[in-house]
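Chain IDs A, B, C and D follow the sequence of writing; residue 1 opens each chain.
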Amino acid sequence: MATSTTWLLRPLQERSTQLFLGILTAALAVVTILHLAMPEDSALHVSAYTVTLLGKYLCYALLAVAVDLVWGYLGILSLGHGAFFALGGYAMGMYLMRQIGDRGTYGDPVLPDFMVFLNWDSLPWYWHGFDMAWFAFAMVLLVPGALAFVFGYLAFRSRVTGVYLSIITQALTFALMLAFFRNEMGFGGNNGLTDFRDILGFNLRTDATRLGLFIATGIALAIGYVICRGIVTSKLGRVSIACRDAEARTRFLGYRVERVQLFVFVVSAMLAGVAGALYVPQVGIINPSEFSPLFSIEVVVWVALGGRATLYGAVIGALLVNYAKTVFTGVMPDAWLFALGGLFVLVTVFLPKGIAGLLQKRRKAPEKDRSNPQEATA
Amino acid sequence: MSIIRRSLTSLLIALACLVSVPAMAQEDPGKALLVNLAEAPSSRVEEAINAIVDSGDERARGWLEAYGNNRLSRIKDTGQVVLVLNNRGRDWEIADPLTGENLGEMSRRKLDRVAINNAIRGKLEGIMAMLDLNAADPDVREASARDMMGKVDAALVAPLEARLEKEESAAVRDRIEAALAIYRVEQGDIEAVEVLAGSLHSRARAALNNAAASDNSQLAEAANKALASIEQKLKLNKAAETLYFGLSMGSVLVLAAIGLAITFGVMGVINMAHGELIMLGAYTTWGVQQLLPGQPGLALLLSIPAGFLVAAIAGIIIERSVIQHLKGRPLETLLATFGISLILQQLVRTVISPQNRTVVTPEWMSGSLVINDALSLTLNRLYVMAFALIVFAALMMIMRRTRLGLDVRAVTQNRAMARSMGIKATKVDILTFALGSGVAGLAGVALSQLTNVGPNLGQNYIIDSFMVVVFGGVGNLWGTLIAGLSLGTINQLLEPWAGAVLAKIIVLVFIILFIQKRPKGLFPQKGRAAEN
Amino acid sequence: MSMLEQLTNRDQVFDFLAPVASPVDVRHGPILYMEDVNVSFDGFKAINNLNLTIDDGELRCIIGPNGAGKTTMMDIITGKTRPDTGSVWFGSRHNLLTMNEPDIATLGIGRKFQKPTVFEALTVFENLELAMAADKRILPTLTAIMKPENREQIDEVLEMIGLTALRDKPAGILSHGQKQWLEIGMLLMQKPRLLLVDEPVAGMTEQEMERTAELLTSLAGKQSVVVVEHDMGFVRSIARQVTVLHQGSVLAEGTMDQVSNDPEVIKVYLGEEA
Amino acid sequence: MSIKKHVKVGLSALALSVSMHSVAAEDPIKVGILHSLSGTMAISETVLKDTVEMLIEQQNEKGGVLGRELEAVVVDPASDWPLFAEKARELLAQEEVDVIFGNWTSVSRKSVLPVVEELNGLLFYPVQYEGEESSENVFYTGAAPNQQAIPAVNYLKDEIGVERWVLAGTDYVYPRTTNKILETYLKDQGVADEDIMVNYTPFGHSDWQNIVSDIKSFGSAGKKTAVVSTINGDANVPFYRELGNQGISASDIPVVAFSVGEQELSGIDTGPLVGHLAAWNYFMSVDTDANWDFIDAWIDYKGDDTVVTNDPMEAHYIGFNMYIEAVKKAGTTDVDEVKDAIIGVSVPNLTGGYATMMPNHHITKPVLIGEIQDNGQFSVVWETPSTVAGDAWSDFLPGSRDMIADWRKPMFCGTFNTATGSCGASSGEMAAEAE
């Protein structure tokens, strides 16, 4: 029925969203063309390296959007979103591992290499089904979703808020990291999953597949952005802002705050999962360090830098920081951490509303993107 | 081992006396002995050693120590045997083992170390212990008698028995008898089993285990009985030990977290750079030790105030430059301080070095406090435990009894009100943050005695610290103490059967679930204030 | 404000002001019934054997010195605080002690806080939209679309609370008094059976106060209203029944004159604060 | 508005790629250095970066090779495994380097491997590792398990008479594999199950109280006991401290470590550790002129006479010289030519012998056992009579028993199965792709 989808269509009438989608499509198109049409040696040629690099950025951007959804609009600072990202990644990684089949070093038709040389005799139960793409892709959504649901259900029901919530999300991802480091877990321990061959029958080591993944990521980002935008501009979005700013008041209006939080949290976790799933085939490895609490914090910093509670801000932040990382680790290997750290400090101190804040200042009547650095957190 | 460790110091003392001794006659017998040792093929080294012992030369002990400690070298081209006083860096400082006269520095390229390996070192320890048995100080005698255990061989039996006759200290006698008994049991002597029945010493147990496995049925039976009686005692000791482990781990957690309990708990600053402040404290310890080479103990004591100051000053800088701009925006402080932590880490990497630094453990902190042969409490951890409690007590005093504490509580509970009552809120902020940071520095000083001093030191503790503070209840120092100790203990209790990793995971999950039950931690702040 | 009279008189036109057909059963007896309620915050007895009944359609004023337990009482009724002992009934069918805030709210108890709490990041209009009686479960909220009639309702309330001009301004910029009004407006949107109004006129100008008074009185009859207020003048201007709370229990009850002549009450007030 | 920013970002990203593309200097031989300069691995890897830079400097003083200068291209993968892959791609695709020296951890190598194979690069990997790998494009100048673990165990067994074994390691693939190999080996040697204790701990494990006391009681069963430690990096300091304080001396229970070298010891107060062991293919204390010259050069390069050298540095020294020789031999830096040329090349190592590149891309190394001294150095107490050739596929693992690697034509296969007489899928196919 029409009404049930209007919330999704609403953003499409919105100027900012149209612009966002426009730019994104344009960027995708330009890169694709420059990659395919331009001759290798031309200065304008975009190499497969750059394509994959941009693909990675887009994954991060999607993750950042997911984080901004919960932090910006729900006031829940999750220091554990890396966990959902990584879980999505592992689901995809397991699929890719199974795709290797008997082309592994030891030529075992079923067992991945790391299981063979740590002599596992049979596939652990949770690895079954991942040889089927549909199942794996379903898991990409379901596993992070389920974790977020259980965790969120417990936390929000007992009204764990603010710093406490942030810290236990951190505990969550930290515990998962330790768990995945254990080789007994059967996820390849510290080495994680790697040496992937092909996805849906396309060879991962060909530029065509890379371009495909890049475009797929772009589309995923577009969809994710529209979904978030849809939620945010719907009445539910306003309710979640209400929860963010005055939880008790919202309850007295008859809204079940914990359910609102749970819903948005789960959606966000699933988006993070998708981001992870697209990330893995492009970087070619997934290992427990993605669970590292520090990574999750870094993601939050991207969002803060781009500007909270403005979804596009999150995208800007993610792209900017990671681009800076790529450049600095190349040009000033010994000192790039100074630059990065300094950037974080300066932004938080001098741009409380991030880059998006800067942009908003310039326009007369701000659009319906509001951030509320005060409160919102406590 | 303990002897080897003491070696260098006592060696230098020995030499000091030597210098006073009138210069030796032309053909010093010692020279021959040393050259003989230096040139002996590994099969004949033992003879060479015994030759030195039998010579009765009062310098013998010094030589053997030097030898056991890799401090004897041959000058390649002259073949002369020398003592290496300082064996670090490109040029080594050497001395004449006969006169103790300092021969200045020589490139390590020109020196050829007199080889030794564990087998010989083991023998050496036995011999040294034997020599020490004649020492005047009964404690030294007892120590060396303990070192004797399991090192007795046929050659040593006679002298030991002789010694036993002369020995008046009961403790030492017991030790010697035990040492002999171990040898005898190994020889299949049943009476000796009785002697070992009560002993918890691992070597004694080893001997009994072997006996129990032997085909001599009576011996085996007797040994088994003795072992059974030991097992009981062992269980108790094991329990006590685990508890100690738990508390010591707990006190480390408390130390690491207590500073955060102030900056984060009291001021509400989510200080991600806390770990790096700890790191600064640790590096200060290293720095002070560099300034006072050879006096690690003194250096360590001095670095307590130093570490506090350095970290506190760093804290003030952070507060002034960043945090004061983020009033009432706790989560922003998280981001900013995260940036700071990155900077501090890389700063240490570039300014000092990406490698870990050596922090020496002073004599009085190494080794362990021996309750009995099965239960001994490691000294460094014992000190850290005490230190943690002292720091905690001091903080309590400051918070409860001093003006600062009062102001802090006032400001944190109601800033505006406190201001209007003439309290300089900014000043209080600075002091509070400095205090919290300083305490972090103290933690660093303590940790430098337990773990790496390197750029990553901080990261290893930051998350645990947050867990402890949150688990204990933000803004409650007692909470932090209880939380730290209990988490540490739980962890250590789990470890034996769950393994290190699983234990940690279980603890984390436990914290998560606990927060569900008590969203404000172990000791939540109560009353209307806590509502909003 | 004559406008306001008209509004409130001709409620059949503005049907949204009429009481909702709620499941609350008031056929026999009061709409709110509290008996022997006790609450203590670590040792301190905030509510002490409180007994209170509010009849359907009644306008009740509750006065009392600070710490008398007024706000705590409201917390109990709205489910924010659970009493240690006692029973609280909404009508004769609903035991409020078994419900949580949202349920109680949807059941028809609206609350205005002592310190006006509106959603500062949202516009005045949106504040009212959120308050509007509607299906407040997740998916309906997500897919909700603003129907013309809803818009009218909101505009009318905007009219009534005199914030039409500020319709699309974020509530954060409103003055204290305006926030009070906005919050009252939100109450109206909720169409509650029972309104709990905590210090509605704090920080209001004289005429703002009068308007508030008129609004509240006009509501009485159709909806039950409980007003907690310090301002005696205001209380006198609206009060029919007054309850005096002291140290967590009812000290006196009756008309304004009765209670104000009650020696106990006088003692308490002179004793603590005027 | 936001959108403008997007454009900027997007374009600048392109700009980056473009700019990088345009720089592809023809003349100098580009040597990529892929070692972490920040993050957790910086501790170990920074010195390797300096080593390669020093070697390049020296080579240029000798006039480079084939009349061409060498030029270092340094990047920082920041101890971040996906970043390793990305940086490797940057080096090969953008910088177009001729050879890469890099990686420390297994996971970083695993993450780089597909990239190097796809873009047909050359990677010299200088660290002792778990084996079970042989890539056409990678040259393993560090020790394989049979060049470190097995000889060390033999030494303990035969020279010290150890009968009871504790295999303690950090929980990742290198210790796991090494311990698997050792377990099988020891059992073949007739060691009973109850005489083997295996224990794994997480990275940077700092509280060793329980484990050490377990080792203590395990050691008091009567038989001579030794600990074979594959504990990694940071976890070692607290481990050895605990050993010392709980009074476990080298003469009671010796610990032989495979990941503790001079570099790690420089961060430990070695007083209490005297007599504990380590097995490597190089020790700084080895008394040869080649070694002393190398050390002096290193000291001068770092301008600090307390700096130490270690085994992976020697591995880079060997690898670097082998590359130079191979380039001379091939007369070009073309990857495929060099790959062919380098097999069989042998260069002097620092311990007075020669290292030869085997057809399986591993090299021959002597195995030395050293005892820790109080100055953070090792004194060699035993060494293999001759050099040992690295074995890519362990004979003690069921999966790889029958496998060999030989990168000479016609076999040209990293996973040749002698049982089936066929080339196992993976590497062969990769090679095919790489062509």
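Everything that follows uses one rule, which is that contacts are C-beta pairs under 8 Å (C-beta built on N, C-alpha and C of every residue); 3 or more make two chains touch, one makes a residue touch a chain.
Since the model is a prediction, treat every value here as computed from it, not as a measurement.
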Revision key, fill the gap. Per-chain C-alpha mean nearest global C-alpha mean belongs to chain A
Study note, to complete from the structure: In terms of CA centroids, furthest away from chain B sits chain C
Check your understanding: If you average the CA atoms of chain B and of chain D, how many Å lie between those two points?
Key -> 31
Practice item. Return the distance between the CA-based centres of chain A and chain D, expressed in whole Å. Key: 34
Point to revise | Between chain A and chain B, centroid-to-centroid distance (C-alpha), Å | key: 44
Check your understanding: Roughly how many whole angstrom separate the Cα centroids of chain B and chain C?
Key -> 66
Study note, to complete from the structure: Multi-chain contacts in chain B, i.e. residues touching at least two other chains, fall at 345-346, 459, 501, 504
Practice item. Return the residues of chain C touching two or more other chains; collapse runs of consecutive numbers into ranges. Key: none
Exercise for review: Among the residues of chain A, pick out those that touch two or more other chains and give their numbers.
Suggested key: 178, 181-182, 334, 337
Practice item. Using the touch definition up top, name the residues of chain A that touch chain C in the complex. Key: 3-7, 231, 234-236, 238-239, 241-242, 244-246, 248-257, 259-260, 263, 370, 372
Exercise for review: Please give the residue numbers of chain B that touch chain A in the complex, ascending.
Suggested key: 270, 272, 322, 325-326, 328-336, 338-343, 345-347, 350, 459, 463, 466-467, 470, 474, 501-502, 504-505, 508-509, 511-513, 515-517, 519-521
Practice item. Name, in rising order, each residue of chain A that touches chain D in their complex. Key: 16, 19-20, 22-24, 27, 30-31, 34, 43-50, 52-54, 56-57, 102-108, 114, 116-119, 178, 181-183, 189-192, 194-196, 203, 205, 283-285, 287, 289, 310, 312-313, 315-316, 319-320, 323, 326-327, 329-330, 333-334, 336-337, 355-356, 359-360, 362-363
Review point. Inside the complex, what are the residues of chain C that reach chain A?
Key: 78, 80, 100-102, 105-106, 110-111, 113, 117-122, 126, 129-131, 136-138, 141-145, 170, 186, 190
Review point. Inside the complex, what are the residues of chain D that reach chain A?
Key: 1-3, 5-7, 9-10, 12-14, 16-18, 21-22, 37-38, 74-78, 80-83, 85-87, 89-90, 93-94, 105-107, 110-111, 113-115, 118, 132-133, 171-173, 176-177, 180, 200, 202-203, 397-400, 415, 417, 424-427, 429, 433
